[in-house]
Amino acid sequence: MSERSDGRADDQLRPVTLTRHWLDHAAGSVLVEFGRTRVLCVASASEGVPRWRKGSGLGWVTAEYAMLPGSTNTRTDRESVRGRIGGRTHEISRLIGRSLRAVIDYQALGENTIVLDCDVLQADGGTRTAAITGAYVALADAVSHLRGAGALAGEPLIGSVAAVSVGIVDGTPRLDLHYDDDVRAETDMNVVMTGDGRFVEVQGTAEGAPFDRAELDALLALAEQGCGELTRLQSEALAR
Amino acid sequence: MSERSDGRADDQLRPVTLTRHWLDHAAGSVLVEFGRTRVLCVASASEGVPRWRKGSGLGWVTAEYAMLPGSTNTRTDRESVRGRIGGRTHEISRLIGRSLRAVIDYQALGENTIVLDCDVLQADGGTRTAAITGAYVALADAVSHLRGAGALAGEPLIGSVAAVSVGIVDGTPRLDLHYDDDVRAETDMNVVMTGDGRFVEVQGTAEGAPFDRAELDALLALAEQGCGELTRLQSEALAR
Amino acid sequence: MSERSDGRADDQLRPVTLTRHWLDHAAGSVLVEFGRTRVLCVASASEGVPRWRKGSGLGWVTAEYAMLPGSTNTRTDRESVRGRIGGRTHEISRLIGRSLRAVIDYQALGENTIVLDCDVLQADGGTRTAAITGAYVALADAVSHLRGAGALAGEPLIGSVAAVSVGIVDGTPRLDLHYDDDVRAETDMNVVMTGDGRFVEVQGTAEGAPFDRAELDALLALAEQGCGELTRLQSEALAR
Amino acid sequence: MSERSDGRADDQLRPVTLTRHWLDHAAGSVLVEFGRTRVLCVASASEGVPRWRKGSGLGWVTAEYAMLPGSTNTRTDRESVRGRIGGRTHEISRLIGRSLRAVIDYQALGENTIVLDCDVLQADGGTRTAAITGAYVALADAVSHLRGAGALAGEPLIGSVAAVSVGIVDGTPRLDLHYDDDVRAETDMNVVMTGDGRFVEVQGTAEGAPFDRAELDALLALAEQGCGELTRLQSEALAR
Amino acid sequence: MSERSDGRADDQLRPVTLTRHWLDHAAGSVLVEFGRTRVLCVASASEGVPRWRKGSGLGWVTAEYAMLPGSTNTRTDRESVRGRIGGRTHEISRLIGRSLRAVIDYQALGENTIVLDCDVLQADGGTRTAAITGAYVALADAVSHLRGAGALAGEPLIGSVAAVSVGIVDGTPRLDLHYDDDVRAETDMNVVMTGDGRFVEVQGTAEGAPFDRAELDALLALAEQGCGELTRLQSEALAR
Amino acid sequence: MSERSDGRADDQLRPVTLTRHWLDHAAGSVLVEFGRTRVLCVASASEGVPRWRKGSGLGWVTAEYAMLPGSTNTRTDRESVRGRIGGRTHEISRLIGRSLRAVIDYQALGENTIVLDCDVLQADGGTRTAAITGAYVALADAVSHLRGAGALAGEPLIGSVAAVSVGIVDGTPRLDLHYDDDVRAETDMNVVMTGDGRFVEVQGTAEGAPFDRAELDALLALAEQGCGELTRLQSEALAR
């Protein structure tokens, strides 16, 4: 059995920080750090909804994820320069949006739109799970902002949501994979959970050998523990 | 507890057919039907690999998924006309490719490329799982084609792969969701498994309320049963 | 004088089949086969017309043509992946649309739109002429569908339309070129005619040496004969 | 029977001018005018051929057609701004290229490429036929330029090519349609012919009612006469 | 100190011609020549303004610049073919638009839009300054056209605008750089001025060594002189 | 005469900070702040140069500028989502690249490439000048990084470069415009200068009334003073 390159125990999260109000003007803005992974989550709130939803009385929440070119060890080309968004970016943007919408009551939000922009400033594994975890906090701030402006029809936030990656590395289940774990993982799973311990998304992929049911159960258990800790950190940040 | 609109039991697959050699020339071509869902899976084999893999001695397998405009009840615009591929298409193409690569030994494939094109001719739910199930058969035929041409360095197919969707509809776990199930599902999960019963992909999403661990376990059990039946149907088709 | 690779006489069509209702839901869906050439023609009917035609009381008919990547001997890249539609695709889509519009009375169609999607499943020469011939039958079914729904202001179908290719191969005029003919043709001509024997489109191109007036006349005579036979096959298919 | 809005007889060309060397540097540059229709045809010659033709010893000739935004009565949007080339532009560029290649001996051209850019400065009908007629003269000048540079392997120009439109307007066949003719034409045909009276392209389209064989014959006769006159004007221009 | 390749004095403009009404139909159309540089400037006027300006009572003026592929010594690829507009094109289009808007009173223009298309037919340096100088004359003609049509709410033209390039070549400040000057210039500056001698744009760039304040002053003086002469030529052209 | 909304004197810079090594891995990474304007400048260094420069022995430096969607008061759409880069982005990216290249000796850089990514995290006016000022420091760090790796052929940094905006607001020249200044400015000028007081770029634009020579001189004087202070701050940052 091998050691993790950053010395963590297999079931240990990286140091997580959630810095609120990182920008001066946005309805919500959180710099989330999972170790060296650093994502800026900005929530923009605006009156009105997309055309296909107008007149429904329902709000809308969506998300966009992107990596800055310099966030990776080797520079990544800009998708704006290539003229098209890649499959991975599409996939993660959609995942973040679905995760946040799981804890939103559209009726209570009223015809308002909140867009969550999650831009990776530095990538060291787990950017999508950090993004979801930080975006929830920015979303909560944006909801408060709308409440303060008297724009809400009720309480749109019906729960909290956090996410963590787990995986099997060198035959051992591990929590919160950083880059060095990630490149050696045989199986990689991202789990999104609500604050009350239910699942919103489970996405497990065999990168090397397929995994059996016992391994799947072990990963789910680790994820439940990790999401629980992240939920607590989110509460603390929002209580400050 | 409600009945399914097509009269199936909750743990029952739709009638599945796998028609090989549906085209005259392709290395592998399979028309797969899961009830009314109909996907044409064509495997094209060619010498050589993409530039980033040249000289490695390793082969490559990739997939592209698309829906014909007339495959849906309401016509879908062509992505070629819109000038860009949507997130859903990207996501499914990547899923099919990863699923097939899980049972490929690149070394044995040698520097050959197999592209699997999965075009949905008629969509009635479960197009991605039908595509994976059919594409595996087309892949097996393409491998035989390469073997016949003396182009292989060994036996590249190290297992079989099949996929099925499961979900919770009206509070009940159901196998192989067709469109009428799908639109009412609270939770939707796609599971890809090898023929020997291990997991390649697990993608579960709460469309409505989040799901708890017991529900997750029930869904996984249904998926294991469904993939087992599909594996048997694949073997039979390939034995013909 | 050479023989055709499939043994046909120079003035002989390939076996032609027109299978109606190939899909379960579309207003019209026809699988047309000219020998090995196989095109799926799907007609989608919807209320309303494009913006530039609104309030005119007139309907609209348009067409889109595409080739599946695996339809050709060597796999063709997807135009959606390349991000742009090629000139040949544009040209053929426009030709099919114009051909069908020649037999439509917009006034009688009322403010309805019919889109014909012609997707080539297998290509062995003559895909555009097969597409027109099949699309007419799908269009007729879509018109019946609209009539059944009480959506028409009259009888929009004022004639029938069929198409065939002719060409000069090894100095001899030939009807309905398949791939082996096509690659050796000095002159290639696509002719679209109405059921009463008039011309909608004549598109002749010298691939090798330019052609003289006598050759042009011989080609037109062959095309008239071929379109006549196709018209008869269309009537029979619609009578079933 | 009606009169033409510009007073011409039905079988009369518009005044045609071919101004060579309209630019200072290009290998060939011709401003061609068919009445008010004004097209700048520029031939650029360069050593080398596209990648797929390298090492073959054969040359290449291609063409691109475009309309300046201000060339039409109502301003046309730029295709560069829209980010894609329309079907009509594609179709005409391909037609011009094929027409010119019909009189080129690639072997004699050697591995050189000539690109013909045909930009419409003012459009009053017949822009594609004016473009072909002018582009041939620019091509001839570019060939002379290459000959002067000692870059040729022989005489690549094996004939001349000219083009004219014909159509049925108010029931009468007319030669060289200008805009006022064009909008009222029931049938519109573009004919490309070699200087020795053979056909390179025949593209006839029924805009209104389909046309019968007698009408087709009348149109072809007019086109033969018109192309003959244009061939004479091309010779005179090149003799200057 | 070196001589200019075309024999001009350092403070001498190239021969400048402004040919109005170069096209038959456009509201304004000017062929402007600065020596061999030749730009066609066409002003299209239409009722209405872009959506974001509707109901404001204000008009809009914008410009698009492009180079024909054959305008340069070595053929330039079309931006429509590449599918995107390059940075240089964007930059120059924006510069021309801003320059013209500096002399427009939107209130007096009323809700009308004038688009200036500046297409370079032959490029020999200074295409953007020639374009601005010519576009102003086309704009003035388009304004007269609107005035004639009774479409104006006042006098929208509140001044004139002209532009010239200056630069330091071989250590010497020079006026109106042609291509041979341009490629050797250490500093290149484009200056746009109103007819009454004030600045609209000053864009100076060190291509080689940075420039000091004395050099900057010398360049500005030359530009003031050049713009003065161009203003006079514009007046004369408009008086004809 | 009005006061500035942030209380500064007309000739006073905002508080400027330059935080080096803001990321863990990049060759150079600087967070630059001009008041509330905050730009992340990341320099990525790699061996090799673009294809057109290979074998020349010369290096290459380029830059890309972008704004995060949440950096502005009202959310800005992503250019990657729109599928194309706007003119303003192109213009600024090119400006930053040119500015940095003015102080680079390509010979000494050897065949290495440095890309500067300047991403605006928060925008409050002057983002392009902050970007240039910060990018120079990141560039200097990247050069040190290459020197440390023994990859340089000499000393490529032949000077320093800084930039500031100046403008005329309410009739008064002001230094370093923030957003509130910017929206009211009649004239806006960006000036890029070397550390030894020479000009690299001067870009002045009349947003409202054109400006006269005296105003231009006043603006240049302010810019010279501002760039001098920024040069000193850059030296201090690099000395830390």
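In this document, chain identifiers A, B, C, D, E and F correspond to the written order of the chains, with residue numbering beginning at 1 in each.
To be clear about the criterion, a residue touches a chain if its C-beta (ideal position, glycine included) is under 8 Å from a C-beta of that chain, and two chains touch if they have at least 3 such contacts.
Bear in mind the structure is a predicted one, so any value in this text is a computation, not a measurement.
Visitor: Using the touch definition up top, find the fewest steps from subunit A to subunit D.
Guide: When the steps are counted carefully, the minimum from subunit A to subunit D is 3.
Visitor: Over half shared numbers or under half: where do the identical copies subunit A and subunit B land at their interface, same or different?
Guide: same
Visitor: Using C-alpha centres only, name the chain that sits farthest from subunit C.
Guide: Relative to subunit C, the chain whose C-alpha centre sits farthest away is F.
Visitor: From the C-alpha centres, identify the chain that is farthest from subunit D.
Guide: Checked the centroid distances; the maximum from subunit D is A.
Visitor: What is the distance in Å between the mean C-alpha positions of subunit A and subunit C?
Guide: Taking the average C-alpha coordinate of subunit A and of subunit C, the gap between them is 51 Å.
Visitor: Please compute the C-alpha centroid of subunit B, do the same for subunit E, then give the distance between them in whole Å.
Guide: That gives a centre separation of 59 Å.
Visitor: Counting only residues that touch at least 2 other chains, which ones in subunit C make the list?
Guide: 83-85
Visitor: If every chain is a node and every touching pair an edge, decide which shape results: line, ring, star, complete or other.
Guide: Shape of the chain contacts: a ring, since each chain touches exactly two and the loop closes.
Visitor: Could you spell out the chains in ring order, with the walk beginning at subunit C and its first step landing on subunit D?
Guide: Traced from subunit C through subunit D, the chains around the ring are C, D, E, F, A, B.
Visitor: Which of the residues in subunit B end up touching subunit C in this complex?
Guide: 23-26, 29, 36, 40, 42-44, 46, 64, 66, 68-71, 73-75, 78-81, 83-85, 89, 115, 117, 119, 121-122
Visitor: What part of subunit D is in contact with subunit C in the complex they form?
Guide: That would be residues 84-88, 90-91, 93-94, 98, 102, 159, 189, 193-194, 197-206, 209-213, 216, 220, 224 of subunit D.
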